[in-house]
Amino acid sequence: MKGIKLEDCVAKIPDGASLMVGGFIGVGTSERVMDELVRQGKRGLTVIANDTARPGIGIGKLIDAGALSRVIVSHIGTNPNTQRQMIAGDLIVELVPQGTLAERVRAGGFGLGGILTRTGLGTAVEEGKNRIEVGGETFLLETPIRADFAIVHAKQADYACNLAYSLTAQNFNPLMAMAADIVIVDAEDIVPIGVIPPDSVRTPGVLVDHLLNRGA
Amino acid sequence: MKGIKLEDCVAKIPDGASLMVGGFIGVGTSERVMDELVRQGKRGLTVIANDTARPGIGIGKLIDAGALSRVIVSHIGTNPNTQRQMIAGDLIVELVPQGTLAERVRAGGFGLGGILTRTGLGTAVEEGKNRIEVGGETFLLETPIRADFAIVHAKQADYACNLAYSLTAQNFNPLMAMAADIVIVDAEDIVPIGVIPPDSVRTPGVLVDHLLNRGA
Amino acid sequence: MDAQTIIVKRVAQELRPGTLVNLGIGMPTKVANHLPAGVSVFFQSENGLLGMGPVPPDGMEDPDLTDAGGSFVTALSGAAAFDSAMSFGLIRGGHLDVTVLGGLQVDQRGRLANWMIPGKMIPGMGGAMDLVSGAKRVIVAMTHTAKGAPKILRECTLPLTSIRRVDLVVTEMAVIAFTEAGPELREVAPGLTIAEVVAATEAELIVPAEVPVMAV
Amino acid sequence: MDAQTIIVKRVAQELRPGTLVNLGIGMPTKVANHLPAGVSVFFQSENGLLGMGPVPPDGMEDPDLTDAGGSFVTALSGAAAFDSAMSFGLIRGGHLDVTVLGGLQVDQRGRLANWMIPGKMIPGMGGAMDLVSGAKRVIVAMTHTAKGAPKILRECTLPLTSIRRVDLVVTEMAVIAFTEAGPELREVAPGLTIAEVVAATEAELIVPAEVPVMAV
C-alpha cells in the first residue's frame, strides 16, 4: 500500500534534492508538505514550480525558511523575499516562460528529448539555447526537466491512487506527477474506487509512489 | 450557433482537403461523416488518423470508395484494401509510429515547432529527418501536423460545445480538435451546460466550429 | 475620465463576440468591466480556466479557483478547467484570439518590453512571452509616457518580451496600429492634437490624412 | 503443450505484482491468461486504457471500449482512460514497466525487427516502435525458428523496430537474456539439449556453465 505518514514521507527527501511542486501562487500546493519540509529543517533544495507564491504561503514558506538554493520558475513577482534572496546571492533563480516550463516538465515526464517553441526567441530567454529551423521558421529548442520528487496536490485520490484535480488548483500538478522519480501525493479527499470514473482520472494511480495519510 | 446539418457540413469539405479523423480501428470515429463523405463523392482527400480501420468500417469506408489519395497513419494492418491501393500506386501511405503521430498532431495544435523522440531512431522512420543531440543523447526531430478539417467524435457535447469522450473512443479525438482549421464534431449526446462539469471537459467549446445536428 | 479608464474602455471596444481573450494582470484585467453591451467573450485565465467570471459573492470564494494573479474568481456557465500545458497549448496554438497586456516599452517595429527592468525589477515573465508570441492578436494597454518620457520608442532599451510585432497599442492619448509599414496613428484622444501625440512618441508614427478622435 | 502455450506461460512468470504491462497484439495478449497465482498487474492498452480487463460477458460489450486490436474488453475497478498522447507518454516516459511483443527477428545486439517484410507485409509499426524504445523492460515472445530457419540472427535482415536492445527473448526452446555482453542462454525447454538450441540459433549465444530447464 502507498499510504504514508506526512512526517515519514518528508523524511525521505534528503537535503539537496530537487522537488517539483505543483501550484500557482499557492493554489494547488500542499501546504502541509511545505510546513513539514520547514519543520524538518531541509536545506539546499531545488524547487521547480510555476512561482514561489507569497511569503508565508505555499513555496513561500520554503523561501522564508531558507530551505532553497535554486528555483526554476516562471515568475517571482509575488514574493519579495525570493527577489531579496536572489539579489543577496543566496538563491539561484532560473526564469522560464510559463508555457515553456509546462512543456519542459511534460517532456521530462513523457520521454521527449525536448520541444521547439517560438516563445523566447530573440529575447534573454534564448541565451545558451539552440535555434532549430522547421519549415523555414526558427524555433528555440527547450529541453526536458525532471526532478527527484514531485509534490502533487489533488482534490481526490481513490484507493488505487487515481487522482482528480479541481479547477485552477490543477495547473502543473498532473504534469509533475509524470516527471519525477518519486511522486508524493497530498489529496484533500480519499475516496472509494469508482468515485472517480475512468474518464475523469487525470493521473493514473500507477504513477503515485506515496499517498499522505489524511488522519494523524 | 454552431449546430449544422450533416449534409451541409460535409458539403463544406472540398475535394483534395486534408482531414484529421479521430478513431482507433473505427472506435471513436464518426460513421455518419464517413458515410456522407462517400455519398457526396469526395475525391483526393488526405486523411491523418491512427489507422484506416477495416473495410466497411470508419475510415475503411473512404478507402473502399477511393476517396483518399494519401493517408498519414500508424498502421494499415487491419485493412487489406489500404494495402492493395498502396501497392497499386493509387494511395500514398505515410507510416508514423503511433506515439510520434500523437505528438506531431499535438504539436500542430499546441503551437510547437516539433518534438524530439527516441522512437524511430536508426530505423526506416529516420529517413529524411534531422538528428538532434540533447544532453549527450540522440533524438529524432519530428515536425507538427495540421489539417484543414478535424472530424471529431465525442460522447457528449453541451450547448457551449464543450466535449467529453468515452473510454478508448477518446484516442486521437481531443488532440485533433486542437490541430485543424475547421473542427467538426459528431457527439453521441447533446446535453445541457453543466452536465459536463468544468473539470471533465476535455475539449473546450471555443475550439469547435460545427456541431452536427442529432435530429434530421 | 482618468488615463486608465480611457485605455480600458477603448481596448474593450476591440473585443468581438464569441472570441477567446486573455487579459494580463493589472490594468488589462479591468477591460472585462467595460465590454460593450451585447458583446460576450470567453475569458481565459492562463492558470487553467476558460470561462472565467467576475469576483464571487462574499463567502462563496473557492480556494481552488483563482485568476492568474491569485485573486478569487468564478467559473461561468460552460467553463472548462485544464492543466498548464493545455492552457498554453491554447495560447501558443493559435486558439487565443486576443491577449491584452500591459507594457513598459514598445518600439518602432512593434516589439514589446514588459517583463523586467535590469537591476531594479525582475519579477519574471510568467506567461507574457507565450502570450505575445502565440496569441492571434496582441493589444498593449499602457500609458503613453512614464514620468513624461515616451514609452513608444525607436528601439526598446529594456529586454524584449518577444520579437513578434504587437498589433495595437492603446494609450490614454492615442490608438496606434503596428503593421509591416510601421506604427500608424489610428485615433487621437479627445482634446489632443496630432502634434501633441507625435511629440509624446519617440517612434516615427505614420500619420494618415484623417485621424479620427477616440470615442470613449 | 504447444509452442505458443510454452512461450506465454513462461513470459507470464516474468511479470511482477503491481507493475504496468503492455501486451502486444496476437500471442502476447494471451500472457494475461497465465499470470501466476496472486500476481496482479496493471495492463495498459495503448489505445488509451490502464486497467484493462478480460472480454466482457456476452451482451455487455461497449463499442467505446476495445483493446489495441479492436476487440471488446472490460475496464477493471480502478481503471483510467486517456488520449493517445498520454498513453504514449506513459510508454515513452519510463512509466511502463514491461512490454511483451511478438518478433520476426532479433539480432546479436538484441535489436528487434517485427513490423514489416519489404515487398510482402507492410502493416505499419503501430505502437511497436514507441513500446520497444520506451518501455523499461522489453520481452520478445516468439517461436525460435520460422519454417526451420533461425529467427535469432547475427544481423536482422528485416527493417529494425528500434535500435534499443531488448531485454529478454522467450521462445518454445529457450529463454535468452540480452546484455551488453550479448545474448545469454538462461533456460532450455524440457527435453531439449543446449546443442539443439545453439543449432537453431544463428546469433552467437553465451552459454553459462549451468543452464536450468524452463519450468512451465
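Chains here go by letter, A, B, C and D, matching the order in which they are written, and residues are numbered from 1 within each.
Operating definition for what follows: a contact is a pair of C-beta atoms (placed from the backbone, for glycine too) under 8 Å apart; a residue touches a chain by one contact, two chains touch by 3 or more.
All of these numbers come straight from a predicted model, not from anything done at the bench.
K.L.:
Which neighbours does chain B have in common with chain C?
P.N.:
Under the touch definition, chain B and chain C have A as mutual neighbours.
K.L.:
Can you tell me which chain lies farthest from chain C, using the average of the Cα atoms as each chain's centre?
P.N.:
Of all chains, D has its centre farthest from that of chain C.
K.L.:
Is the number of contacting C-beta pairs greater for A-D or for A-C?
P.N.:
A-C
K.L.:
So what's the Cα centroid distance for chain A and chain B, whole Å?
P.N.:
So the centroids are 32 Å from each other.
K.L.:
So the centre of each chain is just the mean of its C-alpha atoms; given that, what is the distance between chain A and chain D in Å?
P.N.:
Here chain A and chain D have centroids separated by 35 Å.
K.L.:
Just how far, in Å, is the C-alpha centre of chain D from the one of chain C?
P.N.:
55
K.L.:
State, to the nearest whole Å, the distance from the C-alpha centre of chain A to the C-alpha centre of chain C.
P.N.:
29
K.L.:
Chain C: which residues touch two or more other chains?
P.N.:
Residues 49, 75, 81-82, 85, 88, 91-92, 134.
K.L.:
Identify all positions of chain B at which a residue touches two or more other chains, and write them in rising order.
P.N.:
Correct list: 103, 106, 110-112, 117-118, 165-167, 170, 198-199.
K.L.:
Show me, using the given definition of touch, all chain pairs that touch one another.
P.N.:
Pairs of chains that touch one another: A-B, A-C, A-D, B-C, B-D.
K.L.:
Can you name the residues of chain B that touch chain D in the complex?
P.N.:
24-28, 50-51, 54, 73-78, 83, 86, 93, 95, 97-103, 106, 117-125, 155, 165-175, 202
K.L.:
Where on chain C does chain B make contact in their complex?
P.N.:
Checking each residue of chain C against chain B gives 20, 42, 49-51, 75, 77-82, 85, 88-95, 134.
K.L.:
Quick check on the complex: what are the chain A residues that touch chain D?
P.N.:
Residues in contact with chain D: 106, 108-112, 158-160, 162, 178-179, 193-194, 198-199, 201, 204-207.
K.L.:
Inside the complex, what are the residues of chain D that reach chain B?
P.N.:
Counting only chain D, the residues touching chain B are 45-49, 62-70, 75, 81-85, 87-88, 91-92, 116, 122-130, 133-134, 159-164.
K.L.:
What does chain B use to touch chain A in their complex?
P.N.:
Going through chain B, the ones touching chain A are 103, 107, 110-118, 130, 132, 134-135, 137, 139, 141, 143-144, 164-167, 170, 198-200.
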